[in-house]
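Heads up, the next two complexes both have subunit A, just with different partners, subunit B and then subunit C.
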Partner chain A sequence: MIRIKKIGIPRALLYYYYYPLWYEFFTRLGCEVVLSPETNKAILDQGIKSTLSEVCLPVKVYFGHVAYLAGRVDYLFVPRITRVEAKEYICPKFMGIPDMLKARINKLPPLIDTTVDAGKEGNPVQCWVDCLRDAGNSLTADRKLIEDALEAALQAQQFFWKRLNSGLMLPDAIKGIAIPEIPVNSSSKPLRIGLIGHPYNVYDPFISMNLIKKLQQLGAVVVTPESLQADEIEKEAASLPKRMFWTLGKRMVGSAFRFFSSQKLDGVIYLTSFGCGPEALVEELVARTAKHQNMPLMMLTIDEHTGEAGINTRLEAFTEMIVWRLKYANHIPPYGESVHCR
Partner chain B sequence: MDLFLGIDVGSVSTNLVVIDPEGEMYLSPLYLRTQGQPIKAVQQGLSLLNERLTKKDRICGVGTTGSARALAGVLVGADLVKNEITSHAVAALHAVPGVQTVLEIGGQDSKIIIIKDGIVVDFAMNTVCAAGTGSFLDQQASRLNLSIEDFGDIALRATNPVRIAGRCTVFAESDMIHKQQMGYSLPDIVAGLCEALVRNYLNNIGKGLEIRPPVVFQGGVAANAGMREAFKKALQTEIIVPQHFDVMGAYGVALLARDHILEHGEKTQFRGFGVTNQQFQNSSFICQGCPNACEVIEIKQDESLLARWGDRCGRWTASKAETSA
Partner chain C sequence: MRITYPHMGNLYIVVRALLVSLGLEVVLLPQTSRRTVELGVRYSPEFACFPFKLNLGNYLEAHEKGADTILMAGGVGPCRFGYYAQVQQQILSDLGVNMEMVVLEPPDVSFQEVKDKIRYLIGTLSWWQVIKAIRFAWCKARAIDEVEGRLLYLRPRVEDPLRLEKLYREALQEIDGAGDRRTVQGVVVDYQQKTGKLKKQQKKPLRIGLVGEIFTVLEPFANYEMEKRLGLLGVEVNRSIWLSAWINEHLFGGLLRVKYECAHDKELASPYLNSFVGGHGVETVGCTVGFARRDYDGVIQLAPLTCMPEIVAHSVFPALAKDYDIPLLTFYLDEHSGEAGIQTRLEAFLDLAAARSRKKEEQMSGSVFRN
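Right after this comes the complex of A and B.
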């Protein structure tokens, strides 16, 4: 009897962008996909132990997920992602991930580290076709099977993107469940908060300290860049005097500009991870534009600390500030001589 | 008299303020050291207040703020639990109605609040780094064998403040030692240190913000004349230090509690001054439910559970009544 091959996929980094594609492909090839559990303290601790201090938190978390999977699977899928769009790059840390893993983690199962490179003219779909085809060739000699699996995988990914664009939050879209009812917790109009940040930070409840849930508990409706169309983001990002050549950084800038100009939001929160190189630049661009457009913006920087008090204070203060602004913007000030004399 | 109480439990100090319905200080405010024991500090503060109040005085509303606001809120039965930013802004607006910028430096954190037409429009707090807060000044004062109370006045005697690297307080410290060994005068070094901290504050926390007068400087560090002078020099504007600069958080939350009660016409949840004599047990345990291994904090009063928090998933928090009424 042929044993089914187990392919490990870390629930981290670009999992949040491409999981449906990967899952469908390997499953169609007849493999069993093993996804690591949601990030927890043990995974983070393991990740911190096995990386160098230089890398950002999400990469540390990725290492933790790899270490978790290492003894449990036959192969690990850790593609070497360099370019997914023409003339743009993914963060250099992502490109080097297969090498960093080999250098830092002992007893790794064989890595499937085929390259994703859209090249100079390449398109965002073909680069994945190339990568997965190479990956498939290392697992089976059945060409037909690979091509069929590819087709199904691309369809699954398209379906996922469509669900995101329809306004479904990423965790729901990735699971493929039905649209949940948005809880309305009071009669008052809820705040609409745009939440910008890399999906691997925003949607990892451990890394983000349940940011989305916290905002919802404070009475806010959370809108994320995933609900935007790719060309909307592209158009906004193109307004920069010089082209942003980091794909993910461009997503942040484009989404932020879109959020600012749409005027449907009451405020924007930008979640960044400490030690992110591209973000150091992008953050500043976003902050300046927010100020120019008079949009309330709060930067939240996350790192390894687990104390939630600091985050809570900032979220409370930020939402309160917005309520305050909305309530009194065109009226008398709530504090000061005019109101308090009785 | 109907009175309102504000309690600010911070990392270094615990402050209590009692105001009348007009928002004026009814008693002189209390400024106590927390010394790592927030429960004790709150109890001590309440018992001191109780001694000063007369039979006719009634606490009609209580608010808590500061990093231990949730804990304090449970202990006293707060009507309102508010974050420090809002509390500080409200107090500053009350003390200096036209204020546009609030600089606040406390024991472990520092913040800046930008106000326009009486509303908060922007704020920032120190991020990962705690450089340039009161604790650092405290440490350096003791390293120089000075009492923190004298520190500011010594800075004022400087004729030529030395330049000290203010980017990081660890660097600042080694730079300062170097300057001492070179033979610079004490006042010049102390003043240089104040300027370095102010530079650091403005570059980090005040980054990209428009600081417009009137500027109010509050928090414990505002007591330091050297820091006031350094801010004045850096911002080229008058620095207003309100009379009750060191208890502004408590003052603000007292005002907010008053408004909350008056607006909603509610009866206070205040548990009374008996809290002073009650025994509270705080303990923590590590939840074994999942690999997150959250540290859950538990507050009991005479063996009955008052509150629990600290768990990420809410399984323990949910097992008792809401902490903040």
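Right after this comes the complex of A and C.
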């Protein structure tokens, strides 16, 4: 009997963008995909122990997930991600992550650390095809099987993207749940809050401390960048004085600008993690634009020390302020012009 | 047009030589000081890296002195530096500070754009005159590196390092003031002779390699005068980044041959770091291996707080230390660094490095066989 190879995938970082692609590919190759559990205290602690204190929270969490998987799988899929769009980078840490893991975690299973690099002309799909084909070649010699698996994987990913665009929240889209009925509270108009942030922060309930749920409990409808079309984001980001050459940074800026201009939102929350490099500059651009456009914006910076009560208080204060603003800043605004005269 | 540019170590001498010979009116910045930091920090994003904040402080001080144009470099890469200028511009304009920014993007983005920008700066000057100006500035860059290299070598060896420091300052000033290449070369020869006559000690100094992000390595204010501190503690310092080598590599595309110790160390980064990670991450790892192979007594890494490429480099250090058994120390620098803390950490590190070096020597001389 042939033993089925187990491939470990950490539930962190780009899992939130590409899991359907990876899952489908490795399953079709005849491997068993082992996904680490949702982030918990033990995983985070393990991550903190095995990294430097200077790295950002999501990378620490990634290390935790890898450490969890290390003894349980035959291979770990930790691609080296350089560029997923032509001439745009992600972050140095994504590029160095296989090396960082090798240097800092003992007893790792063999890593599948093929490179994703769209180079100067590549496109967002082809770069993954190349990466996965390389990965497949290290697992099986059956070319036909790899090509078939690739095709199925791309379809799965397309399907996932389609579901996102149809308004499904990312965690539901990944799980493959049918589109739920959104309960509409007809008596009072709910607040519409835009939530910007990297998916690996926003949708990890442990890292973000259930931010989305908290907002919903406060009576807000949460809108995330994932509900926007890629070309909308692209178009908004193009208004910057210099082409934004970080893929994730571009997503943040583009969706923020979109939120400010045309989504009829009452406020925007920007979730960042402490020590996130590109974010330090991107959030400054976003914050300054929000000020020019008179849009309430709250920056939430999280790290491993965050106290939940503090977040609760800030969220409550923010939503209350917006309610007051809508109520009282109408006819005689305390500053500037009336909210409804914009 | 009254033009200015941010500080980075002694780069100001080189850029001034270039711009003045292009016929531009240069507003020289005051040396970076506590006040620069305060100004920069007040208006910068909290988590931006230290160089960003110092740059911004520099601009605001230059504005006070009447500068109206800023010359700045750009770039496209994973490192944040590439987007500095655009965010800084936005901050300045929100502050109501009216300064124009001329950002030189690397030629691989658009050669024509670079050409247009240079043309905008120089007006009607001919390209031949531009080449002459570049050659003159290059000569000064080489001279500065030679003078600095000698300073690093001699500091732990002379009996009166303060006298040496004074000669160094004088030489820099003379290079800055020199109007032609022959004078520059004369200053260097003169400095070599004068420093050669200083009284030396017989002690063999420890050797420490300095690696890291370019700005924090080259700007003494940003690294709290790390080289001087080490030198006065009796350490010979060598660094991975030299101004002229960097100019040659990044602006001339490696056209010239510049000899320096770490010239080929970059290749040593693999197997520890197998991919380009932006900034000087690969160089940091490669040069650390290089220093270890050349039997240095320790390596110190300098980086601004939250610098991504350096964090990646720092992260792979355990693998490297396992293979080479060399003491490594990393300083993340920002506006809050307390000097006493830095000094204490340095002294402790050097004690360890010295102990290791003594032990090694004993082993070499056969004393291991005694017991």
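Going forward, the second predicted complex is superposed on the first by the 324 of 342 C-alpha atoms of A that agree within 3 Å, B and C clash if a C-alpha of one lies under 4 Å from a C-alpha of the other, contacts with A are read in each partner's own complex, and residues count from 1 in each chain.
In this text, contacts are C-beta pairs under 8 Å (C-beta built on N, C-alpha and C of every residue); 3 or more make two chains touch, one makes a residue touch a chain.
On a predicted model such as this, the values are computed, not experimentally measured, just so you know.
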Partner chain(s) touched by A:Thr82 [first = subunit B, second = subunit C, both, neither]: second
Partner chain in contact with A:Glu54 - subunit B first, subunit C second, else both or neither: second
Contacts of A:Phe245 with subunit B and subunit C, given as first, second, both or neither: second
Which of subunit B and subunit C A:Arg288 touches, first, second, both or neither: both
Partner chain in contact with A:Gly194 - subunit B first, subunit C second, else both or neither: neither
Which superposed partner A:Pro225 touches (first subunit B, second subunit C, both, neither): neither
Partner chain(s) touched by A:Glu320 [first = subunit B, second = subunit C, both, neither]: first
First, second, both or neither for A:Phe274, with subunit B first and subunit C second: both
On subunit A, positions contacted by subunit B and by subunit C: 274, 288, 301
Residues of subunit A that touch subunit B when the two form their complex: 40-43, 205-206, 209-210, 274, 287-288, 291, 296, 301, 303, 305, 309-310, 312-314, 316-317, 320-321, 324-325, 328-329, 332-337, 340, 342
Interfacial residue positions of subunit B with respect to subunit A in the complex: 21-23, 67, 82-86, 89-90, 93-94, 97-98, 117-123, 125, 127-128, 208, 255, 290-294, 312
In the complex, subunit A residues that touch subunit C: 51-52, 54-55, 80, 82, 87, 89-93, 95-96, 98-100, 102-104, 115, 240-246, 274-281, 283-285, 288, 301
Sites on subunit C touched by subunit A in the complex: 45-49, 52, 74, 76-80, 82-87, 89-91, 94, 103, 272-279, 281, 305-309, 311-320, 332
